[in-house]
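In the two assemblies presented below, chain A is common to both, partnered first by chain B and then by chain C.
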Partner chain A sequence: MKRVFGLALGILTAIGGFVDIGDLVTNAVVGSRFGLSLAWVVVVGVLGICVFAQMSGRVAAVSGRATFELIRERLGPRLAVMNLGASFLINLMTLTAEIGGIALALQLVSSVNYLLWVPFSAIAVWLIIWRVKFKIMENVAGLVGLCLIGFAVGLFLLGPDWDELGRQVLQKVSTGTEKTSTYWFYAVALFGAAMTPYEVFFFSSGAVEEGWTTKDLAESRANVLVGFPLGGVLSLAIAGCAAVVLLPELIGVTTLSQVMLPVAMAGGKLLLAFIILGVVAATAGAALETTLSAGYTIAQFLGWPWGKFRPPAQAARFHLLMMVCLLIGLGTLMTGVDPIQVTELSVVFSAVALPLTYLPILIVANDPEYMGEHVNGRALNGIALVYLVIILAAALAAIPLLIITGAGQ
Partner chain B sequence: MGVWVRAAGLALCLVLLCGCSQESSARDDLIHALNETHSAIASSILAIRLYDQQRSTRAVTETVLDDMAKQAVDAEGALEPISVDSAQIESDRDAALAAIHAGVAALLNSRDELEQHGAVADTAGLESAGKQVDALLNQLRGSQ
Partner chain C sequence: MTSDNHRQSLRWLDAHLHLLDRQVLDVHGVPVAVVDDLELSDIPAGLEIPRDAPMPTITALLSGPTLATRIFGGRPPKSRMLRTPWVAVREVGVVIKLSVGRDTRDLSWTERWVRDHVIGRIPGGRHTPKGEESDHAQSNDRGGGAS
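Presenting the complex of A and B:
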C-alpha cells in the first residue's frame, strides 16, 4: 500500500512539476499565434525528455552518483567543462525567468508591480531551500502545481469545436500574418521548453538526494513515463485555451496576464484562482529546482560536498553558490528586463545547449563500468540516437532562426 | 564595354532591390506595430468585458490593462526610427502613428478609470481605436 501511495505521489508531482514558466509562456504564445499546429513538437519534446530523464535517473540509481560527477570522471574535465558551461548558463537564465514568473503571478493576485515581488520571491526561494526538507519541498510544489489541470478543465468548459482543433493539429494554421521562419522558430522554442536541461540534472541529483537504488528503478520509470506525458497534456491544454479564445481575435500573447483571459472566460473567478495558485506553485517549484540544479552542477563538477541531505554547514560552498545564483537572477530582473523575454530567450538557448547536455548522459548510460547489467538496450540507444539528430538540428537552427525572425516577432 | 554595361545593370538591379526591400521592411515594421496595438486593444476589451461579467478579478484586469498600455506605448515608440524615403511610406507611417496614438490614449484612459473608479464605464473609445487600427492594417496588408 505504501509503495502504491509512493508511486501515485511520484506521478502526481511529476505532472504538477512538469510545467514551468517556459512551458506556460511558450505554449500560450504558440496557441495564440499558430493554434495547435505545433502540438507535434510538444509530443516529440515530451518523448525526448522521457528518454533522457529515465536514463539519467537510472544512472543515478545504479551508480549512487549524480550524472555530472560521472560525466567529469568519464569524459575528463576538459570535455565536461563544455557541458558544465552550457548547462550552467542556461540554468541561470531559466532560474531568472522562474523568479520573474513567481513575481508576475503574484502581481496577478495583488495588482502590485512585479518588480516589488522579485526580491520577495528570491528570498522565499532561498529560505525554502535553506530550511525545508527535499521531499516536502518537491511534493508540495508538485502537488499544488496540479492546480494547472484547470487549463484542461477550462478547455472543456470553453466548448471548442473539437474537429477544428483536430484540423489545427494536422495542418499549419495561417492567420495570414505569420511567416514560415517564425513557425520554425517557435517549434525550436517549444522543443527547448519541453527538454529544458535542468529537469534532467534535477531528476538525477534528486535520485541521489532520496537515496534511490536499483529497487527504485520501476518507480522512477513510472514517474517519468506516466507523469511527464500527462504534464505534456497540460502544455497542450494551455495552447488549446489560447487557440480557442485568443487566436480568433488575433491576440498574440506577450504577457502572463493575457494567458489568464481564456481561463476567466471558461471558469470565472474560481478557475482563475486555481490557475494562479498553480502558476505560483509551478514557477516556485521550478525556481527551487533550477536553484538547486545550479548548485548541483558546479559542486558535482568540482567535487564539493553537495545536497540537501547534508546540513548546510557541511555543504557551505554548495549553499553559497545557490545564494550567488539567486542574487544574479534577482539583480538581472531588477534592471527592469522583461521576464517574459528572458523566458523566451532561455527556452531558445536551452535548445542550443541540448547536445552538450544529452550526449554525455548517453555515453555514461552505455558504460558497463558504471552501469553493469543496466546499460542501455539497443532499442533505447536507437531512440536516443534519433533524438540526438533532432537535438542537433534544433541546436543548429536556433540562433539563425532567432536572428531571422527577430526573436519570433 | 559589355562588362561595364553588365556591371552597371547589376548595380542598378541591386539599388532597386535594396530600395524595394527597404520599403517592404518599413511596411513590415508598420504592420508589426499595428498588430501589437490591435492585440493590446483586443486583450483589454476582453479583459474589461470579463470583469463586467464578474468572471475576472480586479487585480487581473488591472494587470492586463497596465501590460497592454505598455505594449501599445512600445509599439508607438517603435515607429520613431522608421526611415521615410518615399511619400507613400511617410503617409502610411503618419496614419499608423495616428491610429496607434488613439489606441494608446484609449488604453491609458481605461486603465486610469479602472484604477480610480474600480470600473470602466464603456469600451467605446477602445473599440473606435481598434477599428481605426484594423482598417489601416487591412489597407497595408492589401498593398503588400
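Presenting the complex of A and C:
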C-alpha cells in the first residue's frame, strides 16, 4: 500500500514538476504564434527527457554517482569545465527566470509590483532549502503544481474547434507572416525548455539525496515514464489555450498574465486562482531545483561535500554557493530586466549545453564497472543515439537561429 | 601499488581512467576531494636510470587548485596541494575510498573557513533538516552518503 502511494505521489510530482516558467512562457508564445504546429517538438522533447532522466536516475541509484561527477570523470577537466561554465550560467539564468516567475504570479494575485515580491521570493526559496526536508519540498511543490491542470480544463471549457486544432498539429510550416527561421527558432526553444539540463542534474542528485538503491529502480522508471509525458500534456494544453484564444486575435505573449488570459476567459476567477496557485508552485519548485542544481554542479565537479541531507555546516561551501546564486538572481531581477525575456533566452541557451550533459550519462550507463547488470539495453541505446543526433543539431542551430531571428522577433 | 591495504592490487589501474578526476570518499562516505594529480616516488632527474632500479610507485593522491594548470599547463606550488597518502586508500572503484576519517586538518581551509565563519553562524546551520537522518541509515558507502 505504501508502495502504491509512493508511486502515485511520484507520478503526480513528476507531472507538476515538469512544467516550469520556461515551459509556461515558451508554450504560450508558440501557441499564440504558431498554433499547435510545433506540438511535435513537445512530444520529441518529452520522450528525450524521459530517456535521459531515467538513465541518469538509474546510474545514480546503482552507482551512487550523480551526473556532474560523471561528466568530469568521463570528459576530463577541459571539456567538463566548459560544460560546467555553460551549465552553470544557464542554470543561473533559469534560476533568475523562475524567481521572476514566482514574483510575477504573486503580482497577479496582489497587484503589488513584482519587484517587491522578488526579494520575498528569493528569501522564501533560501529558507526552504535551508530547513525543509528534501522529500517534503519535492512533493509539496509537485502536488500544488498539479493545479496547472487548470490549463487543460480551460482548453475544454473554451470549446475549441478540435478539427482545426488537429489540422494545426499536422501542418508542418507556420501560418501567415511567420518566417521559417522563426518557426525553427521556437522549435529549438521548446526542445530546450523540455530537456533543460538542470532536470537531470536535479533528478540524479535527488536520487542520491533520497538514498535510492536498485530496489527503487522500478518506481523511478514509472515516475519518469508516466509523470513526464503527462507533464507534456499540460504543456500542450498551455499551447492549445493560447492557440484558441490568442492566435486568432494576433496577441503575442509578452507577459505572464497573457499566458493565463485564455483560462480566465474560459473558467473565470475561480479557475484563474487555481492556475495562479499552480504557477506559483511550479515556478517555486523549479526555483528550488535550479538553486540546488547550481550547488550540485559545482560541488560535484570540485568534489565538495554536498546534499540537503547533511546539516548545512557539513556542506558549507555548497550552501554558501547557493546563497550567492540566489543573491545574483535577485540582483539581476532588481535591475528591472524583464523575467519573461530572461526565460526565453535561458531555454535557447539550454539547447546549446545539452550534448555535453547527455553524452557522459549515456557513456556511463553502458559501463559495467558502474552499472553491473543494469547497463543499457540495445533498444534504449538506439533511441539515445538518435536523440544525441537531434540534441547536437539543436545545439548547433540554437545560436545562429537566435541571431538570424533576433530572438524570435 | 605496494600497499597491503590495497585489496585489488592485482588489477590493472589506468591512472587516467581510474584515478584522475575520481571522487575520493573518506571512511564515513563523506566526499573529501577529487583526484587532480598523482605523486610518484622519485625518479632522479638527469641521471641515467640503472636497469635494476625499482619501478616508480604512486605515493599520494593530490588535490588542489589544478584546474587552471591542467587546462593551460604549468603546475601549482606543492604547498597548495592537499595530499592523501596512497597507503590510506582502501579501495579503488567507481569512487576512491579511504580507510581513514577526514581529519579536520585535511579539510581544505576554504570549507573550514566558510563553515566556521558563515554557515555555522546562521541559525539552523548545524542541524540536519527535519527527519532527514532516518532516510540515510544504509547509504554510508554511496556517492553522497551520509556522514
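Keep this in mind: the second predicted complex is superposed on the first by the 403 of 409 C-alpha atoms of A that agree within 3 Å, B and C clash if a C-alpha of one lies under 4 Å from a C-alpha of the other, contacts with A are read in each partner's own complex, and residues count from 1 in each chain.
Criterion: a residue touches a chain if its C-beta (ideal position, glycine included) is under 8 Å from a C-beta of that chain, and two chains touch if they have at least 3 such contacts.
Everything numeric in this text was worked out from a predicted model, so none of it was measured.
Engineer: Between chain B and chain C, positioned on chain A by superposition, is the outcome a clash or a fit?
Structural biologist: fit
Engineer: Under the stated touch criterion, which partner chain does A:L47 make contact with: chain B (first), chain C (second), both, or neither?
Structural biologist: Touch status of A:L47: no partner.
Engineer: Does chain C touch more residues of chain A than chain B does, or is it the other way round?
Structural biologist: So, of the two partners, C touches more residues of chain A.
Engineer: If you stack the two complexes on chain A, which partner ends up touching A:V169: first (chain B), second (chain C), both, or neither?
Structural biologist: After superposing on A, A:V169 lies clear of both chain B and chain C.
Engineer: Classify the contacts of A:Q258 with the two partner chains as first (chain B alone), second (chain C alone), both, or neither.
Structural biologist: In the superposition, A:Q258 touches chain B alone.
Engineer: Looking at the overlay, does A:W306 come into contact with chain B only (first), chain C only (second), both, or neither?
Structural biologist: second
Engineer: Output check: A:S111 vs chain B and chain C. Expected answer is one of first, second, both, neither. What do you get?
Structural biologist: Touch status of A:S111: first partner only.
Engineer: Once chain A of both complexes is superposed, is A:K133 in touch with chain B (first), chain C (second), both, or neither?
Structural biologist: After superposition on chain A, A:K133 lies in contact with chain C alone.
Engineer: Determine, under the contact definition given at the top, whether A:E69 touches first (chain B), second (chain C), both, or neither.
Structural biologist: second
Engineer: May I ask you to decide whether A:K269 touches chain B, chain C, both, or neither, giving the answer as first, second, both or neither?
Structural biologist: first
Engineer: Once superposed, minimum distance in angstrom between C-alpha atoms of chain B and those of chain C?
Structural biologist: 37
Engineer: Applying the document's contact rule, which stretches of chain B touch chain A when the two form their complex?
Structural biologist: Contacts found on chain B: 31-32, 35-36, 38-39, 42-43, 46-47, 50, 54-60, 62-64, 67-68, 71, 141.
Engineer: Taking the complex as given, what residues does chain A use to touch chain B?
Structural biologist: Counting only chain A, the residues touching chain B are 107-111, 176-177, 245, 249-252, 254-255, 257-258, 260-261, 264-265, 268-269, 272, 276, 409.
Engineer: Residue numbers of chain C touching chain A in their complex, please.
Structural biologist: 21-24, 30-34, 63, 67, 70-71, 93-95, 110-111, 114-115, 118-120, 122, 124-132, 135-136, 138-139, 141-147
Engineer: In their shared complex, at which residues does chain A touch chain C?
Structural biologist: Where chain A meets chain C, its residues are 60, 63-66, 69, 72-73, 76-78, 80-81, 130-135, 205, 208-211, 213, 301-314, 316-317, 319-320, 369-370.
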